[in-house]
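Everything below concerns the one structure shown next.
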Amino acid sequence: MDKARDYCGVVGVFNHPDAARLSYFALHALQHRGQESAGIVTSVYDEAKRRRVMPVHKDFGLVLDVFDDKSLFEDTLVGDSAIGHTRYSTSGSSTNPANVQPFVTHFQEGHLALAHNGNLSNARALREALTARGTLYTSSSDSELILHLAAQSEESGVVPRIIDALHQCEGAFSLVILTDETLIAVRDPNGFRPLALGRLPAAPGREHPGWIVASETCAFDIVGAEYVRDIEPGEILVIDRPGVERVGEGKTPEAVAGFGGVCMPRRHGVSQCVFEYVYFSRPDSLVFGAMVDKVRRRLGKRLAHDAPVPLVKKGEGKRPLVMAVPDSSNTAAIGYVSESNKMGRRCKLDIGLIRNHYVGRTFIAPGQSSREQKVRTKFNTVRGVLKDRIVVMVDDSVVRGTTARQLVKMVREAGAKEVHFRVSSPPVANPCFYGMDFPSREELAVNAHGSVEEIAEWLGVDSLGYLTVDGMMDAVETAHESRDRYCHACFSGEYPVPVETGVVKEENDW
Amino acid sequence: MDKARDYCGVVGVFNHPDAARLSYFALHALQHRGQESAGIVTSVYDEAKRRRVMPVHKDFGLVLDVFDDKSLFEDTLVGDSAIGHTRYSTSGSSTNPANVQPFVTHFQEGHLALAHNGNLSNARALREALTARGTLYTSSSDSELILHLAAQSEESGVVPRIIDALHQCEGAFSLVILTDETLIAVRDPNGFRPLALGRLPAAPGREHPGWIVASETCAFDIVGAEYVRDIEPGEILVIDRPGVERVGEGKTPEAVAGFGGVCMPRRHGVSQCVFEYVYFSRPDSLVFGAMVDKVRRRLGKRLAHDAPVPLVKKGEGKRPLVMAVPDSSNTAAIGYVSESNKMGRRCKLDIGLIRNHYVGRTFIAPGQSSREQKVRTKFNTVRGVLKDRIVVMVDDSVVRGTTARQLVKMVREAGAKEVHFRVSSPPVANPCFYGMDFPSREELAVNAHGSVEEIAEWLGVDSLGYLTVDGMMDAVETAHESRDRYCHACFSGEYPVPVETGVVKEENDW
Amino acid sequence: MDKARDYCGVVGVFNHPDAARLSYFALHALQHRGQESAGIVTSVYDEAKRRRVMPVHKDFGLVLDVFDDKSLFEDTLVGDSAIGHTRYSTSGSSTNPANVQPFVTHFQEGHLALAHNGNLSNARALREALTARGTLYTSSSDSELILHLAAQSEESGVVPRIIDALHQCEGAFSLVILTDETLIAVRDPNGFRPLALGRLPAAPGREHPGWIVASETCAFDIVGAEYVRDIEPGEILVIDRPGVERVGEGKTPEAVAGFGGVCMPRRHGVSQCVFEYVYFSRPDSLVFGAMVDKVRRRLGKRLAHDAPVPLVKKGEGKRPLVMAVPDSSNTAAIGYVSESNKMGRRCKLDIGLIRNHYVGRTFIAPGQSSREQKVRTKFNTVRGVLKDRIVVMVDDSVVRGTTARQLVKMVREAGAKEVHFRVSSPPVANPCFYGMDFPSREELAVNAHGSVEEIAEWLGVDSLGYLTVDGMMDAVETAHESRDRYCHACFSGEYPVPVETGVVKEENDW
Amino acid sequence: MDKARDYCGVVGVFNHPDAARLSYFALHALQHRGQESAGIVTSVYDEAKRRRVMPVHKDFGLVLDVFDDKSLFEDTLVGDSAIGHTRYSTSGSSTNPANVQPFVTHFQEGHLALAHNGNLSNARALREALTARGTLYTSSSDSELILHLAAQSEESGVVPRIIDALHQCEGAFSLVILTDETLIAVRDPNGFRPLALGRLPAAPGREHPGWIVASETCAFDIVGAEYVRDIEPGEILVIDRPGVERVGEGKTPEAVAGFGGVCMPRRHGVSQCVFEYVYFSRPDSLVFGAMVDKVRRRLGKRLAHDAPVPLVKKGEGKRPLVMAVPDSSNTAAIGYVSESNKMGRRCKLDIGLIRNHYVGRTFIAPGQSSREQKVRTKFNTVRGVLKDRIVVMVDDSVVRGTTARQLVKMVREAGAKEVHFRVSSPPVANPCFYGMDFPSREELAVNAHGSVEEIAEWLGVDSLGYLTVDGMMDAVETAHESRDRYCHACFSGEYPVPVETGVVKEENDW
């Protein structure tokens, strides 16, 4: 897809002497969820101050760059619990560090740090109520609202306050919260964003295992943690002691066990983000109970039926060449090709686009219109593969369509005889109010250029085929997760949670 | 003096198209008031968002380094009002940017940015009350309290809320506050810290002049502003419109005129910080109605009486050589020498210590005990001047005494026959609760080493002489400011404003 | 393969007003040939000095980082000819910039800048002769020798001197040389390293086209240049005037035409580096007259015969799963799978390893043995794909084998039932003296661990299969390039150019 | 003076385990001799390579910034001999590191590193001869010539070659040269630039002392070294073994003793640079056998006679106020005032200009004409001191005069009744060919504005007085150094060493 980049990645570690270091590796594994800034907070007892403190280090940049000083882990980020965050934001020109997460605050019950992936759909109402009570904001983030709600709660005790605060939130919030004594993992009742629990081997000399929560399970693999289960939609899991060996693995809210915690009521049913499967999550992650790459392969297979390869009979010419737009569409393309061949639509998988992996954030295009150059800086066509061939490009999604259009142009320049475009998801037609940063409705290809035929013409392709919403949901559905447990609002316009009317993205970006 | 480093410098500009740039030069002139971090906030109408916004840029480092990108002034920090801050803090290892000022926040009446020089003496009580109401803190600074008080005030309108908030504060606070429409300059009722008002020439094409407030008037000189008057102790001056040519120059609170504003009641009388004269302010500033260098010269003259030059009669040897510890004691030494000679105590001013001006913050002393090396990196003795002479070193103050001791050692190594030490202030013996960062009581030379004789022995000098508190106040007193309008608690222990019992410096440094 | 990283990428541009900018994009496309440092030199007439000068900018870092300041292209690197270089070196700890290319020098005929890809095999003899004549070296690079030879030549005129110098060199040298008036492209008589000539569209307002030479043709695509032909082995092409529309495209040395230039005699026949096909070049480049990805696919196909997929008959279990070690082995794996299925060896291509593309140079592994962590930081397994499967891993080459071994371990941990390892080249068994930076002979897997069986055991695989040298050469051979025109010394030990006895890599690294 | 910035500082250390660290501190003390770049080279035996190597670290920036990484001293710059360099250059826009010293090279006798302060007056002839022999240059510096001369010498052995090379050089060269076995200190036969020898206390566990050479003795103080003697004009001192306790202190070339070494013939007599006394050296240094601050005080005293204070008789008004332009004129002003009062010309020393010491290299003046702002950023006037006074400004020299003019303007704005300008040297009227970087002849105030009266008018002063060349030389002359042992060509135009006709500064700056 062409760059609906947003989201965040979160991680939390409990009861491990290397909490910050493990968070660092985990954040690195989650780097695809946000490349703009990174941060880690730990909780540690300060001998000199005779109380717990929360050292923090965060900055703009990639995880490996923000934490490129070894002494951070030795001198600053000590302690055996930690949370971390990696984030993409659209306000690139800003140099204000106030929005870089995790947020670290202090209130009457002690310290409170929070890292958030998602978007509150009732943020405006919450903000208005808080504002009327004299609340002062230091960031423009929804996430700060949750902290204020906890601080102003009439409950007493840090955990009851947080539970109270979360009950007032609507929308998408996969959270990790660090208090002086506990690590809290939260998934909103709809379960929009993923969040999983893992177990770390007990550190040398420790009796009990450590615990880790992260946006995706690929973060567990890098630190050698074992996947235990997902945080359930609506679950507030309070990890407050190491001595728990098994954590309830039941799939109902009632079955939260092991650690403390409660479940929030589900007002709108479960509605997990299907776009995590389509594009966002890493293929090697287990998300919403399924391996992402498997779902993606099924999307590709279904696409073979819904938008088949052009038919070229034996003897009538070379088989059409199917190529992925790397890297996010690789798996779908494999499924597409294998299913097509099974269906008797002869075709061949090949690599027609090479992605340059040295493209960092510092790209400048001195003295030239940069858009086209930027795509050329990132991709190159393989002429020998494409020349004189019927080419079928498989992409995971089309949002704005501008990158796709540029790639089609390059594929044609490389000599392709025909260019067909296949998308392993339906057209993105609606904004997301649950955490994904799509461009404005007007900029979406489907709105800017009209019907599928009109988009095809604008893209410059011989044919264009999408998955239908139904086709996509067929592919996503599994034995244990029925199709009605997903949100596909960006494709279908069916929003599972009512959104405040007229919300615009930047309204809180004071 | 050796290391009473703290304090901050603040600046505010109103009605000038180059508000941020003028703030930048002003902060540079105030750099001596804090070298750890610097920041500027502006207020500007954002056409896209159709409302005002407050862009900010702040970071650790010197002013010229933090703002070393020209485009900041062209693209980011636009707008015709601004405030700025430069700060020293003791928590050097911290990488948390949350404490870097100015603070920028948002609440129900709009934006609020604040830059603070000083320390609230009732911070604990305020914090407790705010905390009990569910306040969430993002920094450990007193300054944040003022913003919360305003946000939670029962007044309505941004200015009435700020006035309400300030009435609850005690202690030292010279503030500049930026709102969406106004620039507010505040000095606490005691007037501990300086704050002055200046007028900028009208910018090209503008009918009215611009306005500037700054910690010291040296900031006016660098931008070509004209000194108007001090902000009065207790005054809250609200600069809300450019079309005021003259601002009331009366010296009583009642006489605040021109712009809006009010005066806070004075519960404890005026008590301006005498240490601003002794060491902190730049000699070319007009502070508390007097030129700093003039006061410093008078301190030196008085010192000539209280702690005279050793008597060496004509024919009995070379005149004693008087030298300043550069640069802060230069003026006092000039006064000391001229008065001594008038008194018949023959002596001669000379330059016996050279200060290396390339010592930045990045000094490292690889592989060596760094304390002694650091002094040697900063100062060098002039052997030809000192050899075989009776040397009288004049320093502005002695706090911990460790640098002084090292310098004495170096002067002896350079061949001085005798070393006498003269201090143009009394011994620093008590902590400051109004904004100056002295070391702990135990570390002060006078507490660590005992009587004047004992300190002299520890310093390794042949004689040691201080000013008395009385002598100092004689020198400070002027026609228009009586001696009882100053705070000298760090010397005398007489605190003009009661301090919360048992306050320790780091208590809020969560 | 596991990291025989070395090599360099070179580029030259002639007659284009954006010479430096085009070089920048070209170097970015060549980034895979060296990630340690980057540099660009231009030639421009300096009005003030009334003669030509050669401004240069070079530093350690990736291309996009070294040139992250737009003003470099506007103020410094002006002029319409340029050369550039990107380089990998092994002496990572060094901070000496003297070895960063291009080298810029001055001698009696004017300026001379050079960028070099390769290694002189008679460097020691040349160095000894030069040294005896009183030559002073400022770098430890072979490349400097060429410049000294030109400066000390008895010919007169800059081009004759360069030609004279090059006739004395043996080994591998693909060079671009910038003089005050010309751009010279050179390939050694063996043609070890690639170098291609392209034509740029005439810049606006210019009558004639621009010219570009680069290590690989992928650099042409990014700047919109058209591939013209390879620089011939032994050719010294002197590009000295823009007004040449066609440049001789004959394939014999005699046919060099268009621009000036000569051909060096071929003492040892043509011997192009087969490792460029195996691993080094980008798949979208045309190298030695063939598209790299096509050759790689043929290598994979041949491997299917030489080291077939384990036979699993229909009904006897799931098809073996073939996976590439991404990204360099992707194409070979595609060829391997398609050929295997044709042969009746049922198998299935899938993605079992995900590569994390955010791994930059700043990786640190605080507090842990870093080798294993580094591999985990770069790759993650896809458990759902690998679990309970017979897995065939296809890698392009095995040098040291340590990364392969770590990956095998990870694949097993992911649940693979069997792990078979297939390598689309023979074992690397000998050092390269022509520019590739392999580890020492003792560290090569084949020497460290013995027979194929022993290596298999050490790697922890169920079977291990390589291509034979013959098989590899079958795959590489094309209609227009016979197999005896390649060097495969690293595999076969047959060195086409005699190497000075006892040369060790660091001998010149003074 | 207003910015005749150039020069360099050099240092060499022999037989001390902390050679690099001592060089670092010494360079910091020499920072005033050049702020653009800094570098250190050491010589150490490399166990792995089984021979000596010369690690180097150098970069643009201040000493403390270039060496801000402690590990440099622990991991890279090891070894017990070292040389270092700090340099100012005029080509500020250049990013080419090739000109940053020390130069490190290799030739047939081993390594050779060199740091140079000065300028060869026969550089053109040497360059032509070398060039004709096929020499290749990598920098545009004179210093490189010396290295080539040594490499191409017909002598054998590294020291004889260097001696041979130096005999061919004319002009100014104070050098430190590091070879694999020795440290060589050289001063040209005229002795234009200073260079002194010091002894370091024996390092712990070592039998013999260490040795240090440096441009000025202030570098000895910071590392605790003892001044031994100056390197004699023409002396080539070869420090090749630690076991020498005393080094010949005779003042004739014949008396060079202790270490090895020779003396070059003096073709033109000794002609030490008087400008070192006037402005360049630090006042706490012993240069050419005299303390700089003493000479400067004598210059001020003599100035009192040659250009006296305006006469204001008792009762006819306040005494004229004499102020230095800080910091370089402080000592001269002290001498001027004391002598004036002795002469009956009543006057008073005071501090009328404050210098801001936080002005680094990163100053930017966004959106404004920067020249005037830059002066204002660096200096501020003390209005209370200057108001209504007759002010006599004492400056050490006037070169271009632009800063002086700006300061005069500021002093007038501060209310001075009259402004008189006194310069403790004659007008700078001629270029220096021996290492000082004055602006072009046309830019010098004396050439640009004419007679003293015309300059006075241009400066905007009521009177202007210089020292005469005779007066200056009277003040400089001492018992042991007669006035004819100095060069004052920049004042008098009498060049002690013939200069190649028509040399322009940039001619070698290819």
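When the chains are written out, they are named A, B, C and D in that same order, and each has its own residue count from 1.
In this section, a contact is a pair of C-beta atoms (placed from the backbone, for glycine too) under 8 Å apart; a residue touches a chain by one contact, two chains touch by 3 or more.
Remember, it's a predicted structure, so these values are computed and weren't measured experimentally.
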| query | Do chain C and chain D face each other with the same patch, meaning over half of the contact numbers show up on both, or with different patches? | reply | same
| field | C-alpha-based rotation, chain A on chain D, 0 to 180 degrees, nearest 5 | value | 180
| field | Approximate Å spacing (C-alpha centroids) for the pair chain B, chain C | value | 61
| Just curious, how far off is chain D from chain C if you go by their C-alpha centres, in Å? | 48
| task | Just give me the whole-number Å value for how far the CA centre of chain A lies from that of chain C. | result | 36
| field | Shared interface positions of chain C, touching two or more other chains | value | 72
| Inter-chain touch pairs (all) | A-B, A-C, B-D, C-D
| Quick one: in the complex, what on chain C touches chain D? | 49, 53-57, 72, 75-76, 93-98, 103-108, 111-112, 131-138, 140, 147-148, 150-153, 506, 509-510
| Across the complex, what residues on chain D touch chain B? | 18, 21, 24-25, 28-29, 31-32, 35, 62-65, 67-68, 70, 72-74, 218, 221-222, 282-284, 286, 291, 293-294, 327, 330-331, 334, 338, 348-351, 354, 356-360, 362-364, 366-368, 373, 376-377, 380-385
